[in-house]
Structures are given as structure tokens and as C-alpha cells.
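These notes concern the structure reproduced below.
Think of it as A, B, C and D in the order they're written, each chain with its own count starting at 1.
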Amino acid sequence: MEQARTVVEMRNITKRFPGIVANDNVSFTLGKGEIHALLGENGAGKSTLMNILFGLYQPEEGEIFVNGQKVNIDGPNKAISLGIGMVHQHFKLVHPFTVTENIILGSEPKKWMGLAVDRKLAYEKVEHLSKQYGLNIDPYAKIDDISVGMQQRVEILKTLYRGADILIFDEPTAVLTPQEIAELLVIMKNLVQQGKSIILITHKLKEIIAIADKVTIVRRGKLIDSLPVAGTNPNMLAEKMVGREVSLKFDKKEAVIGEPVLEVDRLVMKGRGGRDALNETSFVLRRGEILGIAGVEGNGQSELIEALTGLSSVAGGSIKLAGVEIAGMTTRQVSEAGLSLIPEDRHKHGLVLDFPVRENMVLETYYQSPFTQNGFLNFTAIEKHAERLVKEFDVRTPSIMTDARALSGGNQQKAIIAREVDKNPEVLIAAQPTRGLDVGAIEFIHKRLVEQRDMGKAVLLISYELDEIMQVSDRIAVIYEGRIVGEVKPSETNDQQLGMMMTDYKAPQGGPDN
Amino acid sequence: MNKLIKVFTKESAVVPLIAIVLGLLVGAVIMWLGGYDPILAYRSLFNKVFGNPYDFGETLTAITPLVFTGLSVAFAFRTGLFNIGAEGQYIMGMTGATFIGVNLHMPWYIHAPLAIVVGTLIGGIWGMIAGYLKAARGVNEVITTIMLNWIALHLSNYIVRRFLLEEGKGRSFMIDENARVTIGWLSRMLDDARVHWGMFFALLAVIFVYAILFRTKQGYELRVVGSNADAAKYAGINVNAGIVKAMFISGALAGMAGVFQVLGVFMNQAIAAGTTGHGFDGIAVALLGGNNPIGVLLGAILFGTLSYGAAGMSFGANVPPEIIRIVIGSVIFFVAAPGIIRWGMKKFKHKSSKGEAV
Amino acid sequence: MDIATLGNMLNTALVFSTALILAALGGILSERSGVVNIGLEGLMTAGAFAAAVSAYWAEDAGWGAASAWVGLAAGALFGVLFALIHAVATITFRADQVVSGIVINFIATGSTLYLVKQLFEGAGETSLVNETFHKWKIPGLSEIPIIGEGIFNAYPTTYVALILVGVVFYVLYKSTFGLRLRAVGEHPSAADTVGIKVLRMRYTAVLLSGLLAGMGGATIALTTTGTFSHNTISGQGFIALAAVIFGKWNPLGAMGAAVFFGFAQSINNVLQLFDFSSHIPSEFIYMLPYVLTILVLVGAVGRARAPGALGEPYYQGKR
Amino acid sequence: AKNENKNNGAASPGSSASASPTASADESGKDFKIAMVTDVGGVNDKSFNQSAWEGLQRLKKDHGASVKYLESKEPTNYLTNINQFVREKYNLTWGIGFLMGDAVKEAAAKNPDAQLAMIDNVVEAPNVASITFAENEGSFLVGVVAGMMTKSNKIGFVGGIDIPVIKRFDLGFEAGVKAVNPNATIKKIYTGAFDKADLGKAAAASMYNDGVDIIFHASGGTGNGVFNEAKERNKTAAKDKKVWVIGVDKDQSLEFGDDVTLTSMLKRVDEAVYSISKEMIDGKFPAGKITTLGLKDNAVGLPDTSTKNVPADVLAKVEEYKQKIISGEIKVPTAQ
């Protein structure tokens, strides 16, 4: 690697939002051909800093230099023309559009004197680019129909299509499977070899150690340190990030396993397009254990959740909760029978964002005494309940009257967990409970899950993140194409083996070439 | 209580006030450009409304249906539904009340309440049709309510003609004395203005809607459905039933507007060529009131006062009464886009601080 | 019912549908960009007013047959003017789009009538325009059975509307502008991050919707009434809005919905002329178009999917 | 001051038709305030409201009375608008249009000292003068014209809403046609509205397509569409395929031209308003009386301009029937 020439320099950037300084005099330098990690807790200001570099926000103070020139990045257009591309934390894809349409959007190849989009040329270009970088994307597919991993590749292609030399990845691995992560890391290495420079935001310290050249750490908007990765270790990074010592090793007592409480037997459910989303899925969950469901996204996990919670009806099979058949019950009946769900999508399914915390805390129990008396809501009881949960679960909110929308992701998640755990369920289903959260928040949530287990409850953990599954579960069931294809103990397996089970690995597949 | 207080907190009280002033100013400028005397016009408007007991009473009567239709639209909005059909529900409510009022003969303590209940129910059912079609078939309620408005108009004309017609009058028979809800003593106090119990029902409806929405389990459910239907489903709330219920209540409220127009004002139902617009005005009132029951009440008062006073403007200052629609439109505009007012205030402050510096 | 009747019904239906098609196209453009437009009624009112007034003036000034075209242009222009209010309120000041639409309806009805009274000595209606549009028979094509009489002997505005359906379809689905417009309506921040000026696109779309809806209103004044008064536009804007949704935000779909509606209206007249149906109470016949619309919607499979960002004001950096 | 005129004086378009010479102006009405309240159609409805207002304006011109109107925006306004004038001590307040009946009755009962008058409806009260018209008689005569002049033997009637007044037009017309041409068929369409020109146009199109060559409309603004369709057809039609419209209330040939307007069924609301108001000024207000104005009063009938399109022999026939109706030899039906 050549001696790093500076391609981006951000000097003394300050950006304020109402009531908060998101970036406080932060400086940041990116060298050519470098992979530079940006690390910090939720809300530390990482995305904000990068959004400034990409022209989405204007800083109150500070200067930006690109390739040695002082620039004023007043919008994404300017950033793009400077060769900056960004893969956003929340993908910026138009779902009803095809892959190609998304990629060319804004700089379309034209025909007929610019009157029409030259689709043929566009598809060719995308196909070519996809080959060049080994991304393997179907240019004709609709975004709606492709996996999250593929969607991310579309985002990457978008930047490459625009000729970006400086690529910003904002938490690109939060939503990916282990295989996809491995592939992404390869792709990134590939990119720097082709002369690109990369800024990588991630909460996963392992990834930083594995791939980054430098790391910059921010905390509460302030720059803490910027140092070469060589010579650091995860513990040291974590400590710099949170400002205190964190134990990355997750300790839990041996599980005391009791009788079966959730018995799922040959569950069948039709998915979209008539194919079986659940194909005779069977497993048993016992008291006092955490069963992790490992699997690549889209292998029936969502359908399994819908079936268990009564959100969708099943085509066959049985679900017994503490001996009672719950297949065919309504969501409410299932909930009353003792099943709680921490849903995967907290914004869409877990909360009413425009309601205050107070009212979100009784979303499933509002109709029960003491929250409702004679048809009227009892706000004293509701408030007391909310105050207690906020305190017990350390939900950081200005007050219980604050709208849920205003809470940070981590605190929103804590609120949901508080609500679900407090229902004192027999079975707690946790779907992707820590997606996008920082190490501190993750630690908190994992502890709560184990606490439930230790109280003799049963926990079903559904996650696409192998690390999480391996750390938290007492037993792991692997789901593949709607079927449980194997069960293992975390202590008796490893990433590789699990990864193979998850993809029903039979023969080597043509991965990205390098 | 908190919500009540919220209504009167600084920002939310000041912006509407400025909006009203600005709206009146817009009207004044237009009148002035048209060669009218805006001051005389507004004075005439004020006089028309507050100048004598009769007109004051009639203003109350004009406000009453707007409170109901405003609540109707606001209620639906709160539950995530856009009810453009208050107009049709109003007409159906009217027809229900007329039917009972004309065809039955009972003591007043049964007759009037029965007419109110039946009219209200029919309005509710009319709203429920749109709710049902949305819940069961996914048909957008905006289209169905628009269509149902026209269907209601013609259907009620048919019912009046076929079952209720007083030959040669082009309207139904007068309703039974016992079905009327006029308030004799108050009416006499107000120089025979057609005041009726409907306005007290309107106030009750404000409280009722407020209580339902923010105080009851039912309202909580409906608001969850309105704010995030997916979350409602995950929370075990029956979203489809919620939609149907919400449209029933919304329709019933609009129906009540029609009920009291028959039982308190007209005492009959005419074969109508078109709709009265109370339902559409209800949309404006709901929006003026920020879809909050108390806001709706205030919005209806403003709307009703201006509309009723418009005749005074045209009488006293010869101003075409259409001007008042511009005024109302402008007020809503400024209420809806508080950004404009804030932007204006900022500019203003900026300027004056600059002035000081110089 | 013979063949000729069918052609005649189609012809009548198209007269009725033309304004709906134009306004619905406007609605589609606006809503595809993410801006709800329930102000179509008001925009049509503005268009009808301007058309009636300026065609009358043009006629007075001796412009002859060109007067109607002047009226059409003026209607379009006035529609744009009122749409500008909607655009400023909803796009720049992020006012609630439904509220702003209602405001447009209020201000349009109020101000046009006020202006009529100012311009016509206190009259509530503009003076009659004689130089309105007249039907054009397309030689050759008009000889085809049914559709010849049905489609190719129509007002020029009908041809304009049908051509515009094609144009809008092409623009939406084939052109760069359309791709960007749809992106803005589905996911504005995605569009923003690839350098598309979201607000500018929305302005363009809303102003175009004013143009088209204004033309729609003008059509009614220049082919049907010849004047403008308080009831020249009475509900057509809302029907056009229904056509937008019914047609699933697709120009061809909206055209289908508008023609369907026009057809249902003309059935209604034909029914009154036949003996077998003359016993049906007329009220039920009047209801027919509306009932049919609901029935078709109930029978139609698949829910309409509104543009993803419809109704949401755009803030840069909003998640 | 400019605006004062708008309401109180300036002739509205088309009002000059029946104005009497200004030379005869006297000041007998100087101290009298006379007002009218329109129904929701508004003062420019090209129909009875407008006609009534023309009558009042003529009264002002001829006799110096001060006149004023209020338009009702919705039915609740009927009573409040009337009361506005009654409270302002107007000498006479007119309720124009059938729909105002109940409101006039109510106001009259509550204000026994006030003088009110009513067009198109009967209000039995000691202080109200009620004026109705025998529309069926006039319609009979235009029916005679249509029956004699149709070439296709198919004649159309376009009604607004199916209410008693419109039924009178309908039945009178039908009787007239049948009297002279028993073989003619009459097609009827009620559009269900008085203010939807598009429905009028569609209805006319269906009729003309069906072979109808003359349409009589009694549908207010909806009729604009009928005229529009007829004009459109006559633009391109061969001479022998020409279609006609028979106008209503006013001489509609003045607005829509005589190339489509065969004749009109005049209903002289202006005359009635003018003369009854004058009687009030002269102290001869027909309080409590019901006046039905028909052919004998020249309050309904054909305008003079009919000679343009209606041949003399037909007009002669019309005159013959007119006499028969006046003499009572022919009874024109009013309702079924």
C-alpha cells in the first residue's frame, strides 16, 4: 500500500440540533486507499458527521478539504461531484423500482435528445459494473424482491456508478448475515485495491480489527481519539468508546432447564407466491432456557413469529403453549395465554411513535384492570406503571409524556422490552432485539433476556447475528427454508459450522472472486 | 386535562389568533381592492352576529351542525380515516329523523329521543358502509364516501318523495309537534330565533368525543389504529373492527347534525337538488380545530360566526358574501401553515433587531 | 340497445369524462410526487372561471374561433396560479397537505365568484361565450362503427385529454423526469441523496397539476356551460380525485375510471328514454353511476398502493 | 358609492328586455323600501330570481323605491334573510321561489305587522300576498308549437327535479303536444338537478341521438347544457336535421340566440313582482290574497320574438288554443 495521501480532511466540525451538539469540534482525516473506522455509541454523532461530509447537513462551524481543496459541500450533488458516495444506515432505495432504476436515478443514461431513459444502456452498464466489482446483482430485480444483503450491494453500486472514490459505509453490517458480512468485507478490500478510500461506521469491534487501517472514536459528539488499528484490541476500543470499562465477554450462569412450555409441531404456512414459508417446522422450548433460532433472513423467521403470535393463520401443524393449543387463536388470545413478542421492527410494529411513552407502555394491556376501569382509562394507574417501567429498565426519556418518536433507538427498544417482560409471559420471543444498538445497550438487553431465563421463563431468540445467537442462547436451532434443519449447543459448535447449516451448505458456491 | 391545557398553551393559542387576524386582513385587502369599505363590512358582520338577540340566536343555530360535522371528520381523522362523507351521513341522519318525526305519534319524551336515536343510527350506518368496505375489501374510504354522498342525496329524495311527501309542497310533511326539539323559552328570549336542544347536544358531543378518544379504552384502541395500524395488529387490536366502529361513530356524529336541523330548525325535509355543504364545511372545521374536539368547537364557532355574519356584510356594506369564504380559507391556511407565521415573526424580529443595531 | 346507441353513449360519456381525465392527470402528477391534492375541485373552479372570462373577452375583441383556445390557456394558467398556493404552503412551509387542499377549494370558489361580480357588474355568472369549442370529426376514423361516432367525433379538448394521457404516461414511466418524480414521491430522501432536487420536483409536479386541473375546469366552461357560475364545477374535482385512486395513480387507469364514470352517467340518461326502465324511480337512476363505481371497486382485486411518501412533507435529514 | 349601484340599481345583463320607458318615472315610491330574498339559486339564476330582481329594479327606476336583495346560501338562510328585512322595517319583503314557502309563513306569523309576498307558493296568512303561475297553460302553448313543428315526431322534455312546479310544465307541455299531434312521442328526462349543465347536455345528447328534434327544458341552469348541445349539433347538421330548444321563464333566445331557441315559455315573475309592489306603494296591497297568474293575465306565454322561428299558421293555432284555455273550454292538467 502506498503512503497514505489525505483525500478528506474535516476540520473542527460543529453541528448542533435543537437541544444537542451532535458534533462538537470534531476533526477527521481520511487517507487514500485507507479503510477508516468510525466508532461510537448510539447517538455519538457518527452519522451526523458523515451526513455533513455528504452534504445532507450543513455544519455550523468547521471546514472540509477534499483532495487538498477547501470545499463547500452544499448538497449531495456537490458531494457526488467530488467523488464522495455514501451507503446510508437506513437504505435509500425506492422499493417499487428495479435495481437498475435505483442505481441510475439522478444520472440516467438518456436517449432521444434526453427525452427518455435509455434503459437498455442502463441495464448493460449496471451489469458491467456488477461484474467488475464482483457484486453479482440482478439488474432487473425489484428492490422489494431482493434480500437485504443484495439491497446493500445496490447501494454500493449506486456510489460506484457515480464514480465515487471516497465511500462512506454507515453501519453496513448491522443487517447482514455472517456470510454476507464476510462477502462485504471482501468487497471492501477489493474496492480499496482499486484505489477507493472507505469510511466505515460500525458497532462491531471485530470487524474493525479485521479490516480497518485506522479508527476514530467519538463520544457524545466529541472526538476522543484517532489511531491506527494495529496495536489496538476490542477491549481498548470499547473502553474509549463508552468511557468506562466494559466486559465484552458475556457471562451467564448454567441454565436450569425445566419442562417444555412451547411445543411447535410440524407447522405449515403458505408464503407469498404459494411456496411454503414454514415447511413442517418443529421444535420444543423449555422453561429456563434460551433457544436461539439461527438462520439467514427470509428463511421463515418472520412467518414463524406471525404464526406463533396469531398474526397469521397456519395451514397445518400445532402450537402448544403450556399444553394449550394456541394455533388458531387471535393475537390477543395468544398474548393472554402467556406469550410476549419483542418485534423485529420496533418503529413499525413495536411502538406508536406519535404516542407518549406512557401510552406505549400499555399497548397490549390497556384494556385490563387497573388500566381500564368500566371502559375508562385509569391514567393514574397507567402513569404509575410507566414510571415504574421507565425506572426499572432505565429507559432514558425526559418524561413519560414524551412521544416515543423522540427517544433514541436504544431507549425505544428498552421501552418495548420493559413492556413485554413486565407482562410476565411464559414465553418471550425476542426478534432481532439488538439490531443497530451499541455495545452498552446490547449488554443491557442481553442481561434482561438471561434474567428472564433465570426466573424460569422460556425465551425464543430469533436473530440473524451469529454472535448474538452464540453468546446468549443455551441451545441453537437452525432454520432453513422454513424447516429446522438442526439443533446444536453453542459450546459444541462454531461460526463455520452454523454458517454452513444456515445455508444448507452442500458444495462450494461461486462467491465473489478475488 | 393535559390536552385541555395544551390547547391553551402559548404557541398553540397565539398562532391561531394571528391566523385569524391575518385572514381578516386578507379579506380586508381584497374588499379594499374591489372598492368596498372593509371596516364597514366587518362592522356589519359583527353587528349581524351580536347586534340583536335574534341574530345571535340564529348564529348559535348556524354553528350547531358545524360542531357535529367537524367532530365527525375530526374523529375519523384521529383514527386514520378521511371521511369526506359527512355530507351524505348528514343527509341520511336528516331522513331518519324526518321519517320518525312524520310517521309516528307518541309522547314527546319518547318521540323526540327516538327520532334523534334513529337519525343518528342511520347516519352511523351510512358511515359504517364505507368503513366496512375498507375493512373487508380494502376499498379506499375517500372514494366510497364521495360516492355515498351522492347516493345519500338521491336515496333520501326518494324516501321523502315516496313515503313522506306532503302533496304539492316538494317536501315532507311537517314533523309531529312532539318530535321537535326547540327550546321555547330561550327562543322567546332570543326574539324567536330557532334555537334548539341540538346546541347542547353539540356541546355534549364535544365532551363525548373528547372522552371517547382520550379517556376510554375504545378510543385508545381507535387512536392506535389511526396512528399505527401495524402496531395495533401486533398489539392484538382488531384493526378492521376498529375501522368499522370509527366510521360508525363518525357517521353518527354527522348524522346528528342532520337530525337536529330537521327536529330543531326545518321541521321537515325538502326534496333537495344538491347538498348543503355542511359536511364539506365539517372538513374545514375539523382542520381548523386541529382535529381536537375542543379545537373543533372553537373552529365551528369561528366558521359559523363568519358565515352567518356574511349576510350582514352583504346587507350592510353590499360586499358579496363570497368574500367570507376567502377569509375562512385564509384563516385555515395560516393555521395549517404555522411555518408562514413563524417565518414572518422571525423576519419581523430580525428586522427590528437590525433596526436597533443601526 | 343498438350499435348506434352505444357509440352515442360513448360520445356523451367522453364529453363528461374529458374534464375528469384532465384533472385526474393533474392529481396523478401531484400525488406521484408525494403531494396530496384534494384541491382539484378548487383548481378546476379556477380554470373554469378564467376560461369563461378570457374566452368572453377574446370573443369580444374579435378573436373568433381562437377565443376558446385562449380560454383553455387562461384556464390552465389560472390553475397554475392557485396550485402555486398549494405548493408554497405544502412544500415550502410543510403545511398539512389535506388542509391546504381544502383551503384551495375555499379560496378558489370564494375568489372566483367575487371576481365574477367585480367583472360583470355584480352578476353571479359570466356572460355567455359563443365561441366555445366545437366537435371535430376526424375524417376516415369517424366512419368506424361505434368508436368512430364514440371517439372520433369529439371536442378538440377530448383529443387533447386523450393525447395527454399518453404524454403523462410516457413522461411518468419512460422519461428521466418521470423516474425522478416517482422516486421523489416514493422515497424523497433516496432521491435527495442522489442529487435530485426534491422540492423543485414537487413544485413542478404541483404546478403541472394546477395546469391540468385548470384545463379540466376550462373544458367544462368551454364545451358544456359556456359560462362560469357558482355551480359550474360541482363535485367533478372530487370525482376526479376518486378516479386518481380508482385508477391506482396510473394515467391509463385514471382515464379508464373517468370514462367509466362518464359512461355510467350516460347510461343514466339512456335508461330514462327506454320504456322498460321508465318505471324505475328516477332517484335510483341518478344513483347508478355512484353505485356502479362502488360495486366495481368492491369487485376489483388488489388494493391500490399509494405512492410511498404521499402526504409527508420532506425535511432534509429526516429519517 | 360604486358598489351601492351593484345591489340597488344597475341593470343586470338582459334586463332591458322588458323595461318600460324611463321617461315615465315618477317619485311615488320614494319612501318605500322593498326587498327580496332569493332561494339558493341566487339572483343570477337566469330564472325566477333574476326575473324578480329585474322587476324590482324597474320599480326603482320607474317609481324611485329603494330595493335590495339578499341571496340565500343554504336553506337555513331563508328565514333569517327575510327577518333581516322585516327587522329593518322594509315595507314589503318578497320570498322568491317555491322553497321559501315555509320561511315566509313563519315570518308572517311572527311579524303580523310586516307585509310579505311570495312567488311560486301559496302562503295562507293575512299579511302575505301569494303569487303563483299557471305554468301548465303556457307550457301547453309551447307544446302546441312543438307538436306542430316537429319533423321526427319525437319531442323531448328535460326537467330539473321532479317537483310539483316542474310537473306543471311537464304535463301542460305534454297536453299541448297531444292536442295538435297525437302521434308524437314525448321523451322525458329529469336530470335531478337545476344547476348541472353537464347533466343537461348529456340528457339533450341522448334525446337528440334518439331522434328528438325539439326539447323543452324546465331545468334552470341545467338547461344551459341543453342549449349548448343543440348549438353544437346545429353547427354541423344539415338544414333538415336542425334541432331546437324551447326556453323557459325568460326569453332565452336573447341569450342563446334564435338559431337554437325555437321559442320560450315566459313566466313573467318580473311583471308580478313589479305590479304587486306597485299596488303596495299605492296602498292596494293584496294582503292575504292568492293570485294565480295565467294566460289571461299575460303572465305566462310566448315572447314576441317567437315570430322569428315559428310560422304564422302555428302562431295562429297557439292563439286559438290560448283563447280556448282562457275561456275554460280546455282544461290543462296540473298534476297526475
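Details
Just so we're on the same page, a residue touches a chain if its C-beta (ideal position, glycine included) is under 8 Å from a C-beta of that chain, and two chains touch if they have at least 3 such contacts.
Here the structure is a predicted model, which means the values were calculated and not measured.
Interface comparison, C-D versus B-C: the higher number of contacting C-beta pairs is recorded for B-C. With centres taken as mean Cα positions, chain D sits 35 Å from chain B. One inter-chain figure worth recording: chain A and chain D are separated by 75 Å, centre to centre, where each centre is the mean of the chain's CA atoms.
Centre-to-centre separation of chain B and chain C, using mean CA positions: 28 Å. Those residues of chain C in touch with two or more other chains are numbered 117, 231, 234, 283, 286. Shared contact sites, meaning residues of chain D that touch two or more other chains, fall at 6-7, 71, 162, 192, 195.
Residue positions of chain B touching 2 or more other chains, listed in rising order: 34, 154, 157, 161, 274.
Shown are all chain pairs that touch, namely A-B, A-C, B-C, B-D, C-D. Those residues of chain A that touch chain B in the complex are listed here as 309-311, 330-335, 341, 343, 348-355, 359, 363-364, 366-367, 372, 375-377, 401. Touching chain C in their complex are the following residues of chain A: 51, 54, 56-57, 75-77, 80, 86, 88, 90, 92-97, 101-102, 104-108, 110, 114-117, 158, 162.
Looking at the complex, you find that chain C touches chain B at residues 38, 85, 89, 92-96, 98-100, 102-107, 109-111, 113-114, 117-118, 231, 234-235, 238-239, 241-242, 245-246, 281, 283-284, 286-287, 289-291, 293-294, 297-298, 303-304.
Put simply, chain D touches chain B in their complex at residues 2-4, 6-8, 40, 68, 70-71, 73-77, 79-81, 83-84, 87, 98-99, 101-102, 110, 160-165, 192-195, 335. Across the complex, chain C is touched by residues 30, 34, 82, 84, 133, 137-140, 142-144, 146-148, 150-151, 154-155, 157-158, 161-162, 274, 280, 283-284, 287, 320, 322-326, 328-330, 332-333, 335-337, 339-340, 343 of chain B.
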